[in-house]
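Same chain, two partners: chain A is paired with chain B first, then with chain C.
Up next is the complex of A and B:
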């Protein structure tokens, strides 16, 4: 069974057939995209095993600390392939996101050896790395005896890969030559527009292409649809309010969180340009945002769009992706568009969130753990997850090049592939890497809340925020 | 047989060691409390941020001195005290009123008093999430009621004007039954003679309440208020689940601030110092209450 299909995939893996020819051949043999993915994964795993001693750590076990997430589901669904390949066992604890990072902090700060690897965001590694809780993964990446020759590290999207690397110097450029690879990208999110096409059509509004248009479009689409608010963005008193749409738009205007003068950091969010941007953002929320915006996390932003309570969101693209499926009332009715807030900008500059994997420094067997890490972040699992599960957005160029994956997206998620392709070159972390990241962003969110509630004027609020940040930076010896 | 067992037990633990063995569990609990307490004092005297291990060092009380000029700290102190004061007073008044209504022993009253305990069985964080749903502007029933009575744009926890009111409302819903049950037990245990004498003399009900019921109930009121005050000044779950301390810094109470300082900013020094200030406030408040409680007891004894 499937012998002809296996031959075709084998030829592709040996480089004897190009991708389009493979797709045509499999289509001709009547293979569905899902089956093709499974076969490809199976064959690719076997091919990998031929080039590398995957059984070196046979009989060993790795324990993971995981967040409840579709990426986790995709990995668990494919775990039998890893176990077959390596003879290793994998156990894991999964926690909901509300408590996940508390659990990670507690496990790492107590130097517990219970977990060998865990899921993290790149921002968190700005604490974990300098604290000495995680390893520099370059040590394994650069060791050909420990990393399989087909791992293809350069296949990772450059902006994403570099965003996970920092030299540990406050204000140091991400991905610099001396940077330490604190975590390995797994899946990532760009921040762009997901909109309800029917609501826009009903109100006769076209999709906005810059911030001024977004303000107008949000107000118009809200006026044209009963019981619907114009635009969903996050607003809770948390660092997570700043990093998605807000910072993506902010960076598009060339504005920064901090300035770096020869290693001395200073607050930079009270410039004239920043004040103008904040004024527009605050006005947009006041006029067309959710009435309970100040309690909105990604969850409320997403569910309101999925339930047809909001007309668009400027948030994680994958949030729109998930709201366009499942049991959501608006499933199948959402569309996607890239968004450059600054009319003078040539392309979007999305700030990104990267779900990554990192090895704990307190793991008892880092070499064995690395076997899991390279498999989970490898091209085969990436393709399996993207084509058969909801492992989006992939961090590997090869997966984005997959016709099977692109066709799957084009079929059900109109505009998604184009949105990604247009934004990917400018997608990276736009924050300054430094130890006070969470202090800065949480206080920034609290200030934004006060501005939206008219408790403080925008320019005064930003001056107060900058003053507070500067004093904290001075106190921490960073200014 | 029994004699043999007893003798064997005597041999296992000598009479001289027995008191120490019996007090061992209590000693271990004390150690379990004292070690983190002393560690917290030690950390609070340090400049200690886990993301900057190279900066760690003793700064001998600088964290505390900085609080004097830190507007965030004074805001935290103010919000914590206002929250604790408001919830305790309101819950006391409501609890007392309900207890007075249910004072008479009857099947219906007993049934109602048991039913009213239901909110106490709800975890405060869950109660907060429940209220968060009920105040949702799209489908929340409380938001709907507000619209019906003419408050079209009442924003509950998401507006700085009403956030404190909203979390106090949740606190009242959860903890008023606690006040009610303690005061009801107090009311029902009061001696009946003074009330009978007052009734014979034709003393009006209101006068009876002010002159007899309230003074005799005072030890119970103080006990209930003390428990609630100590709990309320340490409020975390309702506020964090509802607004994470926002909007702005509206609800930034001690525990929320200390939690964010530790788990998000990994600023161990400041977090520990905040919690020790909270400990000091708790200590002072409980001392005031206990002293008053003892004074009342002395007076009651003297009166008798």
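Up next is the complex of A and C:
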């Protein structure tokens, strides 16, 4: 059974057949996309085993600390393939996201050897790395005896890969030649537009393509739909308010959080350009944002879109992806679009959140753990997760090239693929890497709240913010 | 003889009704939410008319969480069992250690007794995270990390001071003359403690035990830091319904109903002891 199908996939894996030809052939054999994915994964696992001694750490065990997330579900669903391939065992602890990073910090700061690897965000590694809690993964990536020759590190999207590497110098460029690879990208989020197509149509509004248009569209779609507000963006007093749509748009105007003068950092958000941008952003929230905007986190932004209370969000693309399914009232009615806030910009420049994997410095067996790491972040698992589970957005170019994956997205998520393709070249972390990241960014969000509440004018608020940040940077010896 | 006027009685009842509605409404609303789907919960404006469903309870008991994108495994029943194990064992240990200690502090004035009692109370003042991180290192060395025994031990930081100080006040309120009379009849110290002091302090001990149980049940941080996922209590487990792909309000509400049920039942059963025990223990002659 499936011998002909296996032959076709085998030919593809050996490079004797291109993707389109493979799909045509499988279609001709009556194989569904799901079955094709399963077969591909099975064959890919066999192909993996042919080129590398995956059984080197047979009998060993790895323990993971994971966040409850669709990426985790995809990995767990595919774990039997890893166990078959390596003869290793994998155990894991899964914690809810609300407490996940407390658990990680507690485990790492107490130098616990319980967990060998864990999920992390790239921002968090700016704390974990210099503290000596995680390893520089370059040591394993560059060792051909430890890394599968088909791992294909260069297949990772460049902006994503570089965003996970930092030299540890405050203000140091991410992905520089001397950077340490603190974590391995796993899945990531761009920040773009998800909109309710029916609401836009009802109000006769076009999808905005820059910030000025967004202000107008948000107001118009709000006026054209009863009980709906125009645009959902985050607003809680947290660093997470700054990093999605806000920073993506801000960076698109060429503005930065900090300036770096020969290693001396200074606040850069009180420039004329920044003040103009902030004024527009504040006006947009005041006129067309949620009435309880200052409490909005990822959850409220997504929930309101899914429940039909907001007409669009400028936030993580996968948040829109999630809200377009399940038992959400607006499931199936959402569409996606790339967004370059600056009309003079050639393309979007989304700031990104990267769910990554990192090895704990306190792991009892880093080499064995690396076997799991390279499998979990490898192209085969990426394709399995993207085509059979909800492992979006994948970080590998080869997965984005997969016709099966693209067709799956095009079928139910209109505009998603195009949005990604247009935005991916400019997608990277736009923050300056430095140890005060969480404190300074939270203060930025607090200032934004005061501006939206009309407690302080934008110009004055940004001057005060810059002064406060500069004082903290000086105190920390960074200025 | 009742001297209250009709108007006063009417106002009293009205005030009681308002207070009951004020305090019970959130619980009532949560129960209603637990019987709805996410879609009906998120309707704008909210409505009281809906077709009740037990799907949220079924999902929790079956261990499956249907999120916006997929079905995920959850282990809330295991979390509930962990809460029961940790709270019951912690209170039992705290009662076994705390009641005799409280009696000793109340009846026997010895050198340093106040200092020791205050030191035990000071466990309540320590910020948990400050204590837990170094404790994790020690627990790993002595093999207590990620064990129920280790957690029950740490839970004594919550239960022991509470029981000791409440029960001590209660013992101090009981006249020592009753115990002296029993001793003169030829009974031992232990017999006096068991036959006279303990029964008289019963309501106070029950009240302290119940309070300690509630505090232990509501604890969040100890197991989170010191144990792995399979030993987490309901306070951590309930957060599993807040996922990247959305908040499952209905299932959170069902989880809250299930998790407050044991403490609510215990509190209702023991409320007479709770009020009597706390008020008597607090008033000193």
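In this section, the second predicted complex is superposed on the first by the 479 of 479 C-alpha atoms of A that agree within 3 Å, B and C clash if a C-alpha of one lies under 4 Å from a C-alpha of the other, contacts with A are read in each partner's own complex, and residues count from 1 in each chain.
Heads up, the rule we're going with is that a residue touches a chain if its C-beta (ideal position, glycine included) is under 8 Å from a C-beta of that chain, and two chains touch if they have at least 3 such contacts.
All values reported here derive from a predicted model rather than from experimental measurement.
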### Message
Quick check on the superposed pair: does A:237 touch chain B, chain C, both, or neither? Answer first, second, both or neither.
### Response
first
Which holds for A:298: it touches chain B only (first), chain C only (second), both, or neither?
second
- Touching partner for A:436 - first (chain B), second (chain C), both, neither: first
Just chain B (first), just chain C (second), both, or neither: which does A:109 touch? both
Who does A:131 touch here: chain B (first), chain C (second), both, or neither?
first
Query - chain B versus chain C as contact partner of A:306, first or second or both or neither - result: second
Name the contact category of A:322: first (chain B only), second (chain C only), both, or neither. second
Exercise for review: State whether A:335 touches chain B only (first), chain C only (second), both chains, or neither.
Suggested key: neither
Intersected contact list for chain A, partners chain B and chain C 102, 109, 227, 307, 309
Listed in rising order, the residues of chain B that touch chain A in the complex are 49-55, 132, 135-138, 153, 155-161, 242-249, 260, 263-267
Interface with chain B, chain A side, in the complex: residues 101-102, 105, 109, 126-127, 130-132, 227, 236-239, 290-295, 304, 307, 309, 435-436, 438-439, 442, 445-447, 449-450, 452-453, 455, 476-477
Chain C residues touching chain A in their complex are 37-39, 42-44, 66-70, 72, 129, 132-134, 136-137, 140, 145-146, 224-225, 228-230, 232, 236, 239-240, 242-247
Residue positions on chain A within touch of chain C in the complex are 68-70, 73, 93-99, 102-103, 106, 109-114, 227, 298-299, 302-303, 306-309, 318, 321-323, 325-329, 331, 389-390
